[in-house]
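Dropping a structure here in structure tokens format, bear with me for questions.
Each chain carries a letter (A, B, C, D, E and F) given by its place in the written order, and its residues are counted from 1.
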Amino acid sequence: MQLHLLTWQEVEKYLTHSNGIIIPIGSTEQHGPTGLIGTDAICAEKIAQGVGENTGAIVAPTINVGMALHHTAFPGTISLRPTTLILYIQDYLTSLFKAGFKKFFFINGHGGNIATVKASFSQFYDHLDSMNFANSEQVKCKIANWFMGREVYQLAKKLYGDEEGSHATPSEVALTQFVYPDTIKSAPLDKSVATGHPIYGAKNFRECYPDGRMGSNPALATPEHGKQFYELAVKELTASYQDFISINN
Amino acid sequence: MQLHLLTWQEVEKYLTHSNGIIIPIGSTEQHGPTGLIGTDAICAEKIAQGVGENTGAIVAPTINVGMALHHTAFPGTISLRPTTLILYIQDYLTSLFKAGFKKFFFINGHGGNIATVKASFSQFYDHLDSMNFANSEQVKCKIANWFMGREVYQLAKKLYGDEEGSHATPSEVALTQFVYPDTIKSAPLDKSVATGHPIYGAKNFRECYPDGRMGSNPALATPEHGKQFYELAVKELTASYQDFISINN
Amino acid sequence: MQLHLLTWQEVEKYLTHSNGIIIPIGSTEQHGPTGLIGTDAICAEKIAQGVGENTGAIVAPTINVGMALHHTAFPGTISLRPTTLILYIQDYLTSLFKAGFKKFFFINGHGGNIATVKASFSQFYDHLDSMNFANSEQVKCKIANWFMGREVYQLAKKLYGDEEGSHATPSEVALTQFVYPDTIKSAPLDKSVATGHPIYGAKNFRECYPDGRMGSNPALATPEHGKQFYELAVKELTASYQDFISINN
Amino acid sequence: MQLHLLTWQEVEKYLTHSNGIIIPIGSTEQHGPTGLIGTDAICAEKIAQGVGENTGAIVAPTINVGMALHHTAFPGTISLRPTTLILYIQDYLTSLFKAGFKKFFFINGHGGNIATVKASFSQFYDHLDSMNFANSEQVKCKIANWFMGREVYQLAKKLYGDEEGSHATPSEVALTQFVYPDTIKSAPLDKSVATGHPIYGAKNFRECYPDGRMGSNPALATPEHGKQFYELAVKELTASYQDFISINN
Amino acid sequence: MQLHLLTWQEVEKYLTHSNGIIIPIGSTEQHGPTGLIGTDAICAEKIAQGVGENTGAIVAPTINVGMALHHTAFPGTISLRPTTLILYIQDYLTSLFKAGFKKFFFINGHGGNIATVKASFSQFYDHLDSMNFANSEQVKCKIANWFMGREVYQLAKKLYGDEEGSHATPSEVALTQFVYPDTIKSAPLDKSVATGHPIYGAKNFRECYPDGRMGSNPALATPEHGKQFYELAVKELTASYQDFISINN
Amino acid sequence: MQLHLLTWQEVEKYLTHSNGIIIPIGSTEQHGPTGLIGTDAICAEKIAQGVGENTGAIVAPTINVGMALHHTAFPGTISLRPTTLILYIQDYLTSLFKAGFKKFFFINGHGGNIATVKASFSQFYDHLDSMNFANSEQVKCKIANWFMGREVYQLAKKLYGDEEGSHATPSEVALTQFVYPDTIKSAPLDKSVATGHPIYGAKNFRECYPDGRMGSNPALATPEHGKQFYELAVKELTASYQDFISINN
């Protein structure tokens, strides 16, 4: 169930039997010459909907702009600063908490979000505690990165080996091809692709990775692969959500 | 064209002939017993895509959480505080500005966003100016509220008269029915509906408007009406975008 | 009664029978070649004092610097950024709320303040709610723009027609002439005056409106007109304050 | 000259021969059973106008709400938090700096402002420096506390000895009596008055100083004294402003 | 060389041949019944000094309070919120950058800092970029966690196996015993120690981990072990610093 | 007792008989050609430890970076902006308050910190009050500047007369020589030293005070003097801490 397609009375009823919610978070950033700018949000949203169907959980609106400052030297990238994203998540979760939600399960499509999202969780717990909100000690947040699931990772390695790379990867491109089979892009891709440079600021990133890819060969992606990734990710995160929601401590 | 479905190289090319972009902004908030929580975002996004098709403009990712603090006593509502939304928009637009965008056309689906979005524009102009960014004096932002277009407004009056109300209106509900014909909700609606109370804080709002509607009768909505609203809104905002993009001063 | 001219014990006594307060808010900004930089604050303060006399309400200190970023390319303008003004108003009202005030009636002299002041109200309600302050759900804020009162507006139209314009208007200049008859300015005013340009950033504003006026002819102003505007505004806002203070919901 | 009573063109002309400006800063806070809540702002504003007349300097609008958190347990007090006041002063001065002002002379009426105003100056210099504003290294700010001038202080000691105290003092009350001879208050004042307690939080302050006075006997004040204080303060601060404005380094 | 023991002229000279600096960052937080509250800062500082000696690099003052919100239910813990730590690091690094430093090598002693420190780096790069500081694209930051070095990790596993745990570990306790042999603590330690609970808010953490240890047996620590850890960590991080400082891109 | 060398259980026990804590605060800033960059932190920390030994009070970790923006034109200086330092101190003290500490005694080594630290105290009291924390009205903070103690001051005058100056003073340099006898610096010092210039921004400061000294002759310092200053400061601040901790109001 998508929160956007429910009424408030349906949410009220849902809260009588569950206090969990799934929050997809992606990014709006360059994904190389053939990857969609919305790749990370598209993947996170699609998988979240699959997990929502499996578990009956509500899926909140996708956080489609994340922490992608290092990609901002490429046109089309939109990024929040970490402090802004922390405040954004604090407000977002506080609204849901006041309504009765207590378990927040983020399905994440972008590695660059992880640090700031984790910092947001710390800030949020402390915010609730400082405000003396009742039952705030029961609140739990978790970030699950679909691309780091064990089986997803193994499939990527099996299909692509080292050509999976770490950004604009064939696995994420494949997943977007599965979701949007009509917008599969083609563009010349250099055989040799930059790899191994640490990530610093935006200008340095573009110098190091001139076409935006990080060690990847997204030309290997196919919609059929994407379907496989989708199904594995949904399977793994369904189990992960169910574990998360069932713990008491 | 949706930004999320483009590559960065396609954006780079687009910027050689246009510096305009359309940004849908909605909200995640209660819309009465039969209105979808995502109503405002759904309407803004759908209309923005229509305007994008007409004009060839890029449509950026929908800002799906806005300023809806007064609705937060109803479960399912998610809101940013005004200061957070201002920082969010500042970061969002600064990223686009650095890439070369200069004309930002917001298509808005939620009256409660207007004040904060206008404040954001002022803050953003000043931010660019203080940072000494080149050409920042050419930046222009505009907010266009689809529901306040002349013809849209007249159609709503013609179809619903006073039962249009001002929140959870049949016109916006109709538009979501057009977009999502499979999620048309039904729920008992009191004949008498609260109206005319000024808006203060969230608890007061719920006391004044116990089912969330403000003077509206969304039972009058039909998907066919929705189609009409959609087409009128796209027509009006297409013209508005073209005007906006063509001005030099 | 002006708060500045009371003792704390007089305020304590006042709070036993009223929880309302009037807050004048203006701006410090250019008002064309003949308008005073303090025009908006002067008008708001003067009218607030008149309303205070009529109603016995306390008038708080004038917020004399507001949101005037678009005027900052003209010397003498002082502006807060919207986020600063929101924090300012939050602190200002929180102090009064802790003492027992609950109804905050802003008398505003500057159109550019409206968006940010409205955003401030939303932020303030939420702040009180999050802090778990007792009785915070009873708090109500209202902004009343003296120049938008029905009778004031009609008088301006009657006296000046289209030459009223929308900034550095003869009506506001007249009111300052009534308050400060000894500082009536004269300066050459071009017959033709810029009008109709949307408002973007500060540099653009000055290019569009080179002498600061927006479609107005302040040469039509007289102190006698000012007296009429003053009296009408006080009459209208006295009624508005009394309504505001008497509502329970 | 008061900035509020000038036009922007007059300011533009002024800037061709001076880059100095006087900024009165006071507070809105309890001043004991007979002192006006606006005492600090009234004194600072009045003296600033006198100095402005003597020197031909522009006097900016009075900052009438300052840092008075420790007085907020008394009704009528309004205070900013230090971080808010710092941002407020930063915005205020940045506007003036962009227009060409470089020397900012604060005339202060409230001891509690001093720490935060000094911190604001540091923050402001750094802000200009970080923004790479041209000539920002020429900016100079100074805070002058009228009640700490040598001759003012001596007069207070001569007239009142230890009964001057340190808050709600007869000297400041006298000055307000001189400015507002029609609002001289009378109320019973305990012979014994609290004194010597360090200042901590607001509740503690009210416990320590139950009627708001700190070791003072404001019953000794007279309008004639007030006139003397006014004249001495204007004399001392006129000299101080002239020194400040003439220094090159 | 410790920055605190240099003069500014020595720093000026250093900058003619190096633009690198080492910044130890720890935490002030409970470390179980026998671990020092300053463990993480003590370890980071000691190792940083060793690396400084090996490489001739300047070691900046230790950031001794970090992100430890989840430990704040135990007395003695001091933590910053993530947004505060981000601003702190931004200011800290901006000062050094203005003087000419460009390569910032953090030696970290606390796992809980990692997310926020990484977010800080992103914020800092963007800050420099937005400010248009010259050469800001050359800035590079790196966080090196001494306890995650390959050889350090292997030694911990060899000495302690699973009893290393993940907080209040024997390895870090050993290192503090090596540094402060006179403050070795003894206290009863339950045989069974909590382990495996995810980290949420502070109260939940203390419920899950009642004595503060996470799966560790610090009773195994000895000062001799500490010496070994120290030497390995210095060796590994010396190499890491030299690599970092020598890269051009 | 240093907090860093305690366990949380020792802190828990301490809190059963005392709620006081000593917090050393210094700075990282140039101290002339022969003064250590860490002078202010070194002095504050050393003296705090002495007072801690005399009184049995816990000494918290040294705040080693303070408000030194005016020194940032000299390499090696690190400064927080005032708003950052205020948030830092708020977080720092809130953590300790939640554990049960109520009396916070700052031992300060840097004049430039005083304004911002005082502002921080105001902000902190208000923060606790707004959060409705129990017993927050009992919280008390005090800043004690070791170099302003009566006997310390007299000794400095006796030993150095006017050559004490006001920054990079022989007294503080002597104290660091006493603490670090092996890092006594020598460098040519001009006979004539700048003095008397007010402090504005960083660039102006360096122009006025080209070698960083303010009217001082640190060549007069000796480790023996340093020992005397240390002992006097510890004696004076021991008494001051005991007074502070014993007051009830």
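Following the convention adopted for this analysis, contacts are C-beta pairs under 8 Å (C-beta built on N, C-alpha and C of every residue); 3 or more make two chains touch, one makes a residue touch a chain.
Since this is a predicted model, take the numbers as computed values, not measurements.
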What's the fewest number of moves from subunit C to subunit F, given that each move must go to a chain touching the current one? 1
Looking at the contacts, which chains touch subunit B and subunit D alike? C, E
Centroid distance [mean C-alpha coordinates] between subunit D and subunit C, Å: 24
In whole angstrom, the CA-centroid distance of subunit B from subunit F equals 53
Among the residues of subunit F, which ones contact at least 2 other chains? 72, 81, 83, 87, 131-132
Among line, ring, star, complete and other, the chain touch graph is other
Pairs of chains satisfying the touch condition: A-B, A-C, A-E, A-F, B-C, B-D, B-E, C-D, C-F, D-E, D-F, E-F
Note: in the complex, subunit A contacts subunit C through residues 94, 131-132
Touching residues of subunit D toward subunit C in the complex: what are they? 2-12, 15, 28, 30-38, 41-42, 60-62, 64-65, 72, 74-81, 83-84, 87-88, 90-92, 95-96, 98-100, 180, 183, 185, 187, 212
Where on subunit E does subunit A make contact in their complex? 67, 69-70, 72, 81-83, 86-87, 112, 114-116, 118-123, 125-126, 128-129, 136-142, 197-198, 200-204, 207-208, 249
